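The following blocks contain the structures, represented as C-alpha cells.
Two complexes are shown next, each including chain A; its partner changes from chain B in the first to chain C in the second.
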Partner chain A sequence: MAKTSTKRGITRRDFVRMAGIATGMAAAGAGIEGILASRRAPAFAQERSLHFLLWKNFSPPADVEILRQGEEWGKQSKVNVKIEQINANDLPARSAAAIESRQGPDIIQFFHNWQNQYADALVDVTDICTALESKYGGYIDYAKTHAMLDGRFNAIPHTVVPNIYVVRASYMKAAGTTNWPKTWEELRREGKKWKAKGHPIGQTVGHTFGDAVDFTYPYLWSFGVAERDEKGRVIIAGKQALEALKFFKALWDDAMDPSGAGWDDSSNNRAFLSGAITATNNAPSIYLTASNQVILDEKGAPLVNDILHVPNPAGPAGVFHYHYSQQLAIPKYSKNVETAKEFLRWLMDKDQLTKYLRRAQAYHAAALKAYLKDAMWDMFPALKPFRDHILEGRHVGWKGSADANAARVVQNYVLIDMLANVATGKMVPEESLKWAEGQLKSIYGG
Partner chain B sequence: MSKESRAGQITVAWTKTRYNAALALLERPSVLGYLLMLPAAFVIFLFVAYPFAWGVWMSLTNKQIGMPWSQVKFTGLQNYVDLVMNDGVFWTTAWNSFVYTGIATVIKWILGIWLAVLLNRMVRFQRTVRAAVLLPWIVPTVLSTIAFLWIFDPDFSVINWTIRRFYSWMGWGYVKGPLWLGDPTLALASVTFVNIWRGTPFYAISFLAGLQTINPDLYEAAAIDGASGWQRFWYVTLPGIKPITVVVLVFSIIVTFADFQIVYVLTRGGPANSTHLFATYAYQVAMVGSRLGLGAAVSLFMFPILALMIIYQLIYLRREQA
Partner chain C sequence: MTQLQVGESFAKRLVAYHLPLFFFVLFALFPFYWMFVTSIKSTHETYNRDVNPYVPVTCVAAIAEQARSLNFNGSALAENCLYHWRTLLRDTLFIRWLENTLLVAIVSTLISLFAGITSAYALARLRFRGADTFGVLIFVTYLVPPTLLFIPLSDVIGDLPFLHKNLLNSPWALIVAYPTFLIPFCTWLLTGYFRTIPKELEEAAMIDGATRIQAMVRIILPLALPGLLSAGMFAFTLSANEFLYALIFIYDAPNKTVPVGVVSELIKGDVFYWGELMSGALLGSVPVALIYSFFVEHYVAGMTGAIKG
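And now, the complex of A and B:
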C-alpha cells in the first residue's frame, strides 16, 4: 500500500526541530536564507494583553495613578494593559453585557455587592484573597461580605469609599447651631434653622449608585429597620420602618432641600461647593475638590477651612454608617485569567496600593484593615473622621446575607424609592412601606 | 459520428435547455421578486425576527445575567403574572408610558402642523429657517438631553435663575424655583417636554412635504367660495395632509412609546419611579438588576400596542394605494 501524506497539526517534535533549524541558521548568519530553509515564519513571543474596566474616580489623581500603574506593570511584564474608565452609573449595565455575551474586560470593578448577581460567571479568587488576608491582617467585615458568596471570594476587595456628613461650619454657626446634632431629631430641629437661612441639608433619594444608598441604608438601620431576617424572610413591615418613614417625611419637609429627589451623585457636591446647602452625606470628594481647586467662600477665604466632617446622627437603634466597597473581579470568559491574577496580585501589593490610596488623597480606604494605620491619614488630617467611622459599616441585605437578591434590591433602588415616595409626597408612609414590602417580596420571594 | 461526440452534443443541448428554463423562471415576477427580496429578508430575520423570538423565549424563562443555560428553566407566563400582580413599579411604568406618549404626540402634532404652515408661507430665508428647525432632530439625543440636564438643574438652571432674578427684582424675596427633576409630576412633564422639543421638527418637515403636494387651485377655489382661513385649513389643508399625518403619527407613537435615552439621561426613571417608561424599566430590571427574563417580559408588554399601531398603518396605506 502506498504511503499517503495526511494533514495534521504541528507536533511538539516538529516545532522543536524547526525552531532549532531557524535558530541555528540565524545564529550561523544564514539570516533570511535560514528562515526560508526552515519553511516556517519565525516564531515571536505572542504579546499578552489585559483589559481592565473601572469607574471614573471622584478623585481624579487616583485615575492618573491607576493608569500609571497599569503602564508600569505592563512594561515590566510585557503585557499590553488597556484601562477603560466609565461613569459609575453605567458600570452595572456594561459589566452585565460583558458577562452575558462572554466577551469584554478581563478585570471588572464592582461596587457594593453587585458582582454577586453573577457569581457563577466569575473566577474564584479565594487563593489571592486569603493570602492577602493573612499578610495584612484581614479585611473590613462588610467589604469581605460583599466580595464573598457561598464561602468563596468571587472578587478581590480593593477599596472602601467612606461616607459621613460634610458640613459648612459657618452656616451652622450663623443659624445658631454650636455643635453637630447627635440624633436625627436634633438634626431635624437644627436643620430647620439652616433651611430658614436658605442653606438646607442636601440629600439625594434619586436613582443613583452611591450617595442615595450611603444615606438610605444606615438611616434605616439606625431606626432598627432590616429588609430581611437571618433566614432571608422579608421583615421590613414593622413599626420601626413606619416610624423611620414618618420621621423622614418630617425631616425632608423641615430641613432638607426638596430638589434632592432628582439628584445624582455629583449634584450634592455642586450644591455644597456653590453654597446652596449646609450639610450632606458624602465621601471626601467635596473636601478634595474645594482643596485642589482652591475654591473660595463668600468672604474670599479658602472653603476647606470651613468644612467639617462629622458622623451620622443616631436613631433609636444607634449610629450607623454605610461605606460602599469596591472590588475587582475576573470573569470566567477571560482568556487571560492567569495574567489578570498576576496583575491583581501586583496591584494589591503594599507598594502599589499605598501609592494608589495616597494619590487618591485618602478619597478611599483600603479594604484591608492594616491600611487604617497607614501614615496617609496623617497626611490628610481633615479626612481622619472618615477613617474613624469606617469600621461602623454594615453590608447591604443585612440581617440576611449580601447575596444576589440583596444586590438587586440596591440596583432597583427599592429602599431608596421607599424614602423618595414619602419625600415627594407620592405616597404616605403606610403606602410606601406596603409598596416596598411588595417589591422586596418580588425580589426575595415569599 | 463517434460515440463521444454524440454524447458531447447531448450534454451541450441539455445544458442549454437547463439554462433557458432557469432564465424563463427568472422572467416570472413571482420568482424574481422573491429572489430580490431574499437579502432584505435575511437582514430582517437576523436583526429583527431572531432577536424578537429570542426575547419572547427569554421572557418565558427565569434567565438571569451570567446564569448558565443548563440552569435556565421554562417558567411559562410567570414573569408576566409577577409583573401584573406583584410589581408596583410596572403599573407606574405603564401609566407613565401612556401619559408620556399621549401628551407628547398630541402636542408635537399641533406644533408640527403650525410650524409647517408657517414654513410653507415663508418666502425669505426659507432654506436657512428649515435647516434651523431641523436642528433638535439632527443633534444626537444624548447630547441635547445633557444640555437639558443643566437647564433643569434646581440650583444652576437658567430658568430658575431667571425666576430668582425676577423675584428679587420685584422685591418678593428669595424663591428656589420649580424642582424640574425632583418633583414626580414636574419630572414627567420635563422629560415629555424634551421629547416634544426633539420630535416637533420631524412632524413639521413631514407636514411641510405634505402641504407642498396640495394643489393651490383648491385654496383658490375655496377662497372664491368664501371660505375663511380656518375653513380652508380644516377642509383643504387637513384632508390634504391626511395620508402623511397617519404615517407620521403612527411612526412617532411607536418611537415615543419605546423611548429610552431622554429618561435615562435625565432621571434614570426617578424620582420614586415617576418617569420610568417600558424601555427604561426593562433596562433597569434586565441589565442593572440582572433579571433578563423579567426584563424581557417588561419590554414585551409594549409589543401588542406597537403591533396594533403597525397593523393599522399597513391597512391604512393599502387602502390609500387601492
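And now, the complex of A and C:
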C-alpha cells in the first residue's frame, strides 16, 4: 500500500529534506533573488554548446578523427559540440558572413593569414599560444607570423600543409630524364620532353586557395621578387619580376598543361592520379589517395610505388617553398568564448594533436616545431621529404608583414592572376606586371 | 527550317527534319546519359581510362550474365549497378535535402509570383508618375550579384526572430532570402507579358461592372497563364539551384538543400564521389525536368508572348 502523508502535515523527515534543498539552492548560487536579478536561467540549467567550422580535409581520415575528438570532449565536458565541415574554397565566404553579421560558429578555421582581416573581431588567444610555445618549444616561424598581428595572437596556429613537387618517376624516365631538375631552367628543358610524350607538368594558376598560392609565391621568391619591402612599400615592379614572368610564359608554353589555368586544388590531383601529368606542386594528398584507394598504374602495379616527392627547383635567388598554415580563431561575437578556449586547449594537447596528425597520415604537420620529430614521419617514410623542407617556407606578404592587406592580396589572387595573365596570353609580361603593381598599390596604398 | 509537305520524299525529310532533330536530342540528352552511366559504374571503372567511358561495363556484364542464366539475383545487380544510388539514398541525407529544396523552391516561388503579379500589373496598367523608372530599377535590383549581397543579407536574416532564435540555419532563411532576387525577375518578366494583353479586354469587363481586381483576376490572369508558368518555372529553377545563400545561411546537414548538401558531403578534399554525385545530380534534376516537360507549350508561349493585340 502506498504511503500516505500524516495528518500532522510536514513530518520531521520532510522538513529535513526541504531544508536540504533550500540550502543547496542557496549554496549553488545567489538563490531565487539572484536568479531573478540576473534575468537568465542558472548556469547549471543551461546546455553548453560549441559550433566549430572547418574544412573538409584532403585526408578524409582526419575528418573522422576531428569528429571523434569533438564527440569525446563534448561527452566529458558535457558540451554539445557541433562540427561543421565545408569545402575550403567556401570558407572565406562563410567566415566573412559570420564575422560581419556577428553570428555563427564559435571557432573558425582560417588558412594562410586570412583571419588578420578580422583581427579586431577575434578573441586574443595569446595566453593559450604562449603556453603552448613554452611547453612544446616554439612554432614554425611563418605559422606564427600568420597567426599574429600587432604582437598578439588572434588565432591558434594548428597545422601546416607542406607543398613540394609530386612526380611520376616512370614518366620522367620514359622521356629520358634521370634526375629531378634542380633549376627552373632544367625543369623547362625536361618538362618539354614530358609534354611531348603526352604527360606535361600540371599546375593551376586559377582562383583556388591552396595550390595556386603554394606555387606562385615561392616561384616568384626564387627569382628574387617581393611584393613589398620591410617598410610595406610596393616594390614588385623590377627586372626580377619581369624575368620571372617571361620565363613563366616559356615554361607554361613548353612544359605545362594549358588547362591548368582553370584548375582548382583537386584538379591536379585527379590529373596526376589518372596518368595525365608527370609532375605537380602539391601536398601529400596525391600519395595518400593513391595509397588509400589502391590506385593502379597502366601496368596494373600500385601507383604509389611510382611516386617521388622532390623539392621545388631553384631560381636565380635560390630554392623556396610555401606551405600554407591553418589557424583556429574564436570570434568575439561568440557567447561561448571560455568553452571554445577550453576545447582548443584540449585539442592542442599532445594526445589529441598526435592522434589527429597520425590519423591524417602525415598530410599536415603541426605548427609546433617539436612535432617534426614525432614518430609519425617514420610511419610514412615516403612523405619525409615534405617534413624535410617544411622549415624553408616564408609568410605571405614577405618582405613586409603578414597583415590584413597581405591576406587581401592572397584572397584577391593578385600574384596568381599576374602569372595567369601571361600564361593565357591575355597580357604580355610588361602589361601584367604593371597591372599587378596597380592592384598591389590599391591594396597596400602608395 | 523548311516547311515540309505531305508526300515529300523520305530522303528530304531525313536531311531536313529527322537528322537535325536527332542531333539536337543527342546534344540535349547527353548530359543526362553521362550522369546516368557514371552513376551505375564502379569507382574503378570511372577512373579507368582503358575502358569505354560510355558503357557501364561491369553493370552490363552482370545483367547479361543473369539474362543468360535466367537466374535473377537482385542483390548482385544492386552491387554491380546501383551501389552509388544505394550509398546516396542510404548513407547521406539526400532525401531530406530534396525535401528541403522542394519546400524552399515551392514556397519562395509562390511568394515571388504573388508579389511579381501584383507589382507587374501595377507597372503595366496603372498610370503613375515614375512607373517606367520604377520598372527599370526593379530589374536593376535583379542584376546585383548575390556575392555582394550575402554579407548584409546574413546580417538581416540573423536579426529576424524565428522560434525563440533567429532565421539562420533554417530553410525559412532561404524562403525569405530568395524572393530578393526572384521578385524582381518575376516582375520584369510579367510586366512585359501583361503589356502584350490588350487593355480593351479588361476595360470591357470593367464597363460590365467588374472592379479592377476582378478584371485582373478573371480576365488578365487566365490570359497570362503562359507568362505565369514561365515566371514560375524560372523562379523554381533559380531557387532550386541556388548555392551561395544556401551555403551561408544553413549550417546543419539536415537543413541543407541539394546543391550545397551534395557538394559538401560528396566532395571531400580531392576525393570526388563521382557515382554518388552523378546520382544526386540526376535525381535533383528530375523535378525540374518533369515540370518543364508538363508545361513546355505554355512555357514557350510565355517566352514568346502569345497574346496578340
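Throughout what follows, the second predicted complex is superposed on the first by the 402 of 446 C-alpha atoms of A that agree within 3 Å, B and C clash if a C-alpha of one lies under 4 Å from a C-alpha of the other, contacts with A are read in each partner's own complex, and residues count from 1 in each chain.
Everything below uses one rule, namely that a residue touches a chain if its C-beta (ideal position, glycine included) is under 8 Å from a C-beta of that chain, and two chains touch if they have at least 3 such contacts.
On a predicted model such as this, the values are computed, not experimentally measured, just so you know.
In the three-chain model built by superposing on chain A, chain B clashes with chain C. Looking at the shared chain after the overlay, A:270 reaches both chain B and chain C.
Contacts of A:411 after superposition: chain B is touched, whereas chain C is not reached.
After overlaying the two complexes on the shared chain, residue contacts for A:79 are found with neither chain B nor chain C. By the touch criterion defined above, A:57 reaches chain C but does not reach chain B. Touched residues of chain A were counted for both chain B and chain C, and B has more of them.
By the document's definition of touching, of the two partners only chain B reaches A:117; chain C does not.
Judged by the touch definition given at the top, the superposed model places A:285 against chain C, while chain B stays out of reach. In the superposition on chain A, contact of A:87 is made with chain C only, not with chain B. Contacts of A:100 after superposition: both chain B and chain C are touched.
Applying the stated contact rule after C-alpha superposition, one finds that A:426 touches chain B and leaves chain C untouched. Touching of chain A by both chain B and chain C, each in its own complex, is seen for residues 93, 96-97, 100, 270, 274. The part of chain B that touches chain A in the complex is made up of residues 64-68, 82, 86-89, 152-156, 174, 176, 179-184, 187, 267-274, 283-292.
The touching residues of chain A, when paired with chain B in their complex, are 89, 92-93, 96-97, 99-100, 117-122, 198, 205-208, 257-263, 267, 270-271, 274, 276, 404, 407-408, 411-413, 417, 420-421, 423-427, 435, 438-439, 441-442. Residues of chain C touching chain A in their complex: 43, 47, 49-50, 150-152, 154-155, 157-158, 166, 168, 244, 247-248, 251-252, 263-264, 267-272.
Partner chain C is touched in their complex by these residues of chain A: 51, 53, 56-60, 63, 82, 84-88, 90, 93-94, 96-98, 100-105, 265-266, 269-270, 273-275, 285-286, 289, 293, 295, 298.
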